[in-house]
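Heads up, the next two complexes both have chain A, just with different partners, chain B and then chain C.
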Partner chain A sequence: MSEHHITPLKTYLAVAGTLFFLTVVTVWVSYFDFGSFNIVIAMGVATLKASIVALFFMHLLWDDKKNLTMFVMSLMFLGIFITVTLLDTGFRGGVNSEVESPINNRAAFYDSLPLTDTHGHPVDEHSADHHGEGEDHH
Partner chain B sequence: MAENQKQNYLTHPKGIMSWLLTLDHKRIGLMYLFGGIAFFFLGGVLALGMRLELAAPGNDFVSNDTYNNMYTLHGAIMIFLFIIPAIPGALGNILLPLMLGAKDVAFPRLNLASFYIYTVGALFVMYTIISGGVDTGWTFYTPYSTTSTSNVIPMTMGIFVIGFSSILTGLNFIATIHKMRIPGLTWYKLPLFVWALYGTSLVQITATPVIAITMVLLILERLLGIGIFDPALGGDPVLYQHFFWFYSHPAVYIMILPAFGIISEIIPVHSRKKVWGYKFIAFSTLSIAFIGFLVWGHHMFTSGQSVFSQIVFSFITYFVGIPTGVKIFSWMLTMYKGQVSFTPPMLYALSFLFLFTIGGLTGIFLGAVALDIHLHDTYFVVAHFHYVMQGGTIIAFLGGLHHWWPKSMGTMYNQTVANICCLGVFLGFNGTFFPQFLLGLRGMPRRYATYDQQYAELHNYSSFWSGILGLSIFISIMNLLWSLRKNNKLDPGTNPWGGMTLEWTHTTSPPHPHNFEEEPVLEHGPYDYDKVIVEPTFKK
Partner chain C sequence: MSHDNSSPKFLQHHFHDVEQQYETAKLGMWAFILTEVLTFGGLFVAYVVYRSWYPEMFVGANLLLDVNKGLLNTIVLITSSLTMVLAVWAIQKKNQKLSLFMLIATFLFAFMFLGIKYLEYSHKFEVGQLPGEYYSYMGPEIAHLNNPHIFFSIYFIMTGLHGLHVAIGMGLIAWLIYATAKGNLNSEYYTPMEMIGIFWHLVDLIWIYLFPLFYLI
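The block that comes next holds the complex of A and B.
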C-alpha cells in the first residue's frame, strides 16, 4: 500500500477556488435557456465538481487505484440501473402501439385498388361500407 | 507439541461468553451454520404444511389467508435467513481464512458484528410471524405491499437490516482475499471456492444497497404516503419491480455462486483429478456476476414494461447460459477419466450437476419473452427456481457440509446413512418438483391454496414426494449431529478425502484456535493431483 499522501495547502485552496468558480458557472448558465440541454449542462457541471471533490478532497487521485476502481464501478452500476430502467419508462407507449396508431382498414394504398369483399370479388362502393370493422355509423 | 495439538477451536476457550463474543471466524461460522439450519427447519415445516394443503383441491386444512402467509414466510425465511447468509456466513467464514493460510478474516470484529446484525434482522422476522404474519409474497410487490393490512413494515425492516450483514460480510471477504493470502498464494493458485466467494462478495456489496433502499422507499410510502410507487400519488408501481429485481436477480447469484464454489472443490478431490479449466471456472464466476446485473427485467415480462426493454432483457438473459455452461462442462471434464469415488459429498455434487442443469435450462426457457408470457406466475416458474435454489444451492450446501464436516467438527458421520439420505433427497426432490413443470405448462397458477380438479393428480404426487424429501433432509442433518456423540473423535491428522488445499494439508481436524501453528508454506497448487500424491487418511 502506498504511504499516506500529504496534500499541500495550496492544492486545497486551488480546488476550493475551482469549486467556487464552478458554482458561479452554474448560476450564470441558469440565465440562458438551452432547451432540453439545460439539465445536461447543469448535471455536467455538478459531475465535474463531484469528481474534483472525490479526486482531491477524498484523495482518490493518490490512493491505491483499487479504491478509485471501486468508486467508478459503483457509479457504473448506478448508471446501469438508471439507464436500463429508462429503457422501460421512456418507451412505455410501445406496449399499446395498436391503440396509439390503430390499424387503418382504409389506408391510402387501398384507395387506388378496386374494392373487394373478403373473397377478393369486386364489390360496388355502396355495399362495401358494411364490411368495415365495427364502424357504427348506421 | 502434543499438548498444543490437542487444543482446538471447539473446546478452547470454554464458556458460553467465549462463544457469544468470539472473534474466531470458525466459531462465528458455526453460529451462522446453526442459525441457518434452524431457519431451514422452520421454512421446511412451512413448506410441508403447504404441500399438505395442496394434496387435495379444496381448502382442506388452512384458509386462503393463512396460505398466503405461509408462502410469504416460507419464501422470505428460506431466501433471506437461510440461503443468502448460510453458505457465505457459515462455510465461507469457516473455510476462507483456512484456505488462504490466514489466522482470521481481515476484520474479525466486523465479522462478529455481521452475525449480530443478522440476528437483529432475524428478530424482526420472528416478530412479524408472532404478530400475525405478512401475505404479500416474498417479493413485496406494490400495490399489494402498500395496501395490505398485514405486517409489511417489520418484515421489510428485517430484510433491510439483514442486508447490512450481507454487505459487511462481502466487504470483509474482499479485504481478506486481497490482503490475507500467504506469500506465494497467487490469484491463480487460490482454491476455486475462494474465487466463488470473491464473486459473491462483489455482488453483495454492489447489489444489496439497492434492496435496502427499496425497502426504505416502501416503508416511506406506507407510513408517510410519499408517492413513489402509487400512481395516485404520482408514483409508478412497475418502478418497484425494477428496484426489487435490480437486487434480487443478482441475489440469485449470491445464492448460486458459492454453491458453484463448493462443487468446484468437491469434484476434483473426490475424482482425484486436477480441475479442468481452472481459469475458465474462475472467470466464468466473474462474468456471471457481471451479466447478472443486466437481466433483471426478465422477471417483469408481464408487468407492462416497454416492449423495447422486454426484447433487450430477453436477449441479454440468454448470455447467462454461456458462463454457466462453461462451468458445467468443466466439471464434467474434471470427472472424465478420474477415480470417482461415490462418497456422500460426491453424490451430492453429482445430484447438483443433474438438477442444476435442469434448473438453468428452464431458466433460459423462461428468459424467452414469448414463452414466459404463458409461463409467468405458473408452477413452471416455481419448479424452475426450486431446481436452481434447492436442487442447486441447498444440495451443494449439504454436499459441502458433508465434505467439510470432518474438518470443522473432527468427527465422521455414518457414510452409508448419508448416501441413502442423498438418494432420498434426489428422488424426493424430483418427485416433488418435476410434476410442477407439468402443472405449470398446463396453466396451474402459483400462490393459490385451491385448484381445479384437473390438477389434482400431479399435485397429489408432488405432495407425497415432498414428504420423502423432507424426511431425507431431516435424517441427513440428524446423522451429522449424531456423529458429535462422545468418543467418536477422529485423529486430528485426518484428511479423509485426500484434499490438497491448505485447510486439509496444514491444519488439524478440528483446527487449532489460531488455525495454523506457524505460517504455512505453499508446496503445491490446490488441485495438483497429477503432480503430488496426497493419500486419504482416515483414523479414529
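The block that comes next holds the complex of A and C.
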C-alpha cells in the first residue's frame, strides 16, 4: 500500500478553499436575476464544484482511469435518462392536444389554489376538493 | 511495494497481492457509486420534468426555503468532506491519532448537518409545507402559485433520501472510529476508510446539486 499516491495537504486545503469560495459565489450570484441564465450559472458552478470533489477528494485524478470511466458513464446514462424523458414530457400536446395531462391522473393538481381567508387558512372543505380536480380541467 | 515472502494478514487468499485487493475493492465501490448516481438520477429527472412544467411555481416555492440554513449546511458538509479526506491522508502518513481526530470531527459535522436539517423539517411540518396531499400551507406569498405541493414532494423525497445517506454515512464513520481506535487500520491497510470516504464525498457531491436546485434557483 505504501506506493499509493499521497496527495499533499496543501492540495486538500486549496480544494476545500475553492469549494467554499464557489459556494459563496453561487449564493451571491443568485441575488441577481439573469433570467433563464440563472439555472445555467447555478448548474455550471455546481458541476465545477462536483468535478473538483470527484477528482481530488474522491482521488479520481490519480486513480486507475477505469474508475473515472465508470463514474462518467453513470453520468452519461443519467443524461440519456433526462433527455429521453423530456422528449416525452416536453412535447405532450404538441401532436395531439387532448393527450396533454399529468403522468398520474389521480394526483392532486390545481388550476388555482383553494380559497384562503386573511390568515392564510383554507376557507372550507379544502381537503374534500383536493382530489379529482386534475381530470376535468382540460 | 516490496515483495517479501510473508504476505500480510489482511491479504485475502483469492487475491494475487495487496495492490490487486485494494484496486478490486475500489472498482466495486465505484460500481456502487454508479448505482447511487442512477438512484438519485431518477429523482433528478422528476425535478427536471416538473420544473419544466411549472417553472414559475418552482421559482416562487424555493423562496419558502431558508437560504441561510441551506448555505450553512453546504459549508458544514464541505468541511466534513475535508476532514474525511484528511483522515485518510493522516493514516497514509502513519498518524493514527490525527486520523482518529479527523474521523470524530467528520462524525460531528454530519450530526450537525442532520440537526440543521431537523430544524428545517420541523418548521415545515409546523406550517404545513408538506408533500402531496399533506400540503396545507396557504400563506400570502404563494397565493399566486399553482401546485406548490409538488415542489415540496420532490424536496422532501430528495433531501430525505440524501439525509438517509448522511445517517448511514454516520454509522459507517462510527465504525471507522472504532476500527481506527482499536488499531485495525493503519498506513498499510486503510481500504475501508478510503471506500467510506468515497461514499461520504458522494453524499457531499449530491448535496452540491441539491442546494442550488432547491434553495437558489
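Throughout what follows, the second predicted complex is superposed on the first by the 93 of 138 C-alpha atoms of A that agree within 3 Å, B and C clash if a C-alpha of one lies under 4 Å from a C-alpha of the other, contacts with A are read in each partner's own complex, and residues count from 1 in each chain.
Note that contacts are C-beta pairs under 8 Å (C-beta built on N, C-alpha and C of every residue); 3 or more make two chains touch, one makes a residue touch a chain.
The structure displayed is predicted, hence computed values, not measured ones.
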Contacts of A:9 with chain B and chain C, given as first, second, both or neither: second
Which of chain B and chain C A:91 touches, first, second, both or neither: first
Partner chain in contact with A:54 - chain B first, chain C second, else both or neither: second
When both partners are placed on the shared chain, which of chain B and chain C touches more of chain A: C
Partner chain(s) touched by A:81 [first = chain B, second = chain C, both, neither]: both
Doubly contacted chain A residues - partners chain C and chain B: 66, 73-74, 77, 81, 85, 89-90
Contact footprint of chain B on chain A as seen in their complex: 66, 73-74, 77, 80-81, 84-85, 87-95, 97
Of chain B, residues touching chain A in the complex: 178, 206, 210, 236, 238-239, 242, 246, 293-294, 297, 304-309, 312
For the chain C and chain A complex, residues of the former touching the latter: 1-2, 18-19, 22-23, 26-27, 30-31, 33-34, 37-38, 41-42, 44-45, 48-49, 52-53, 67, 71, 74-75, 78-79, 81-82, 84-86, 89, 92-93, 132-133, 136-140, 142-143, 145-147, 149, 187-190, 194, 197-198, 201-202, 204-205, 208-209, 211-213, 216-217
Partner chain C, residues of chain A touching it in the complex: 1-4, 6-7, 9, 12-13, 15-16, 19-20, 23, 26-27, 30, 38-39, 42-43, 45-46, 49-50, 53-54, 56-59, 63-64, 66-67, 70-71, 73-75, 77-78, 81-82, 85-86, 89-90, 107-114, 116, 120-122, 126, 130-131
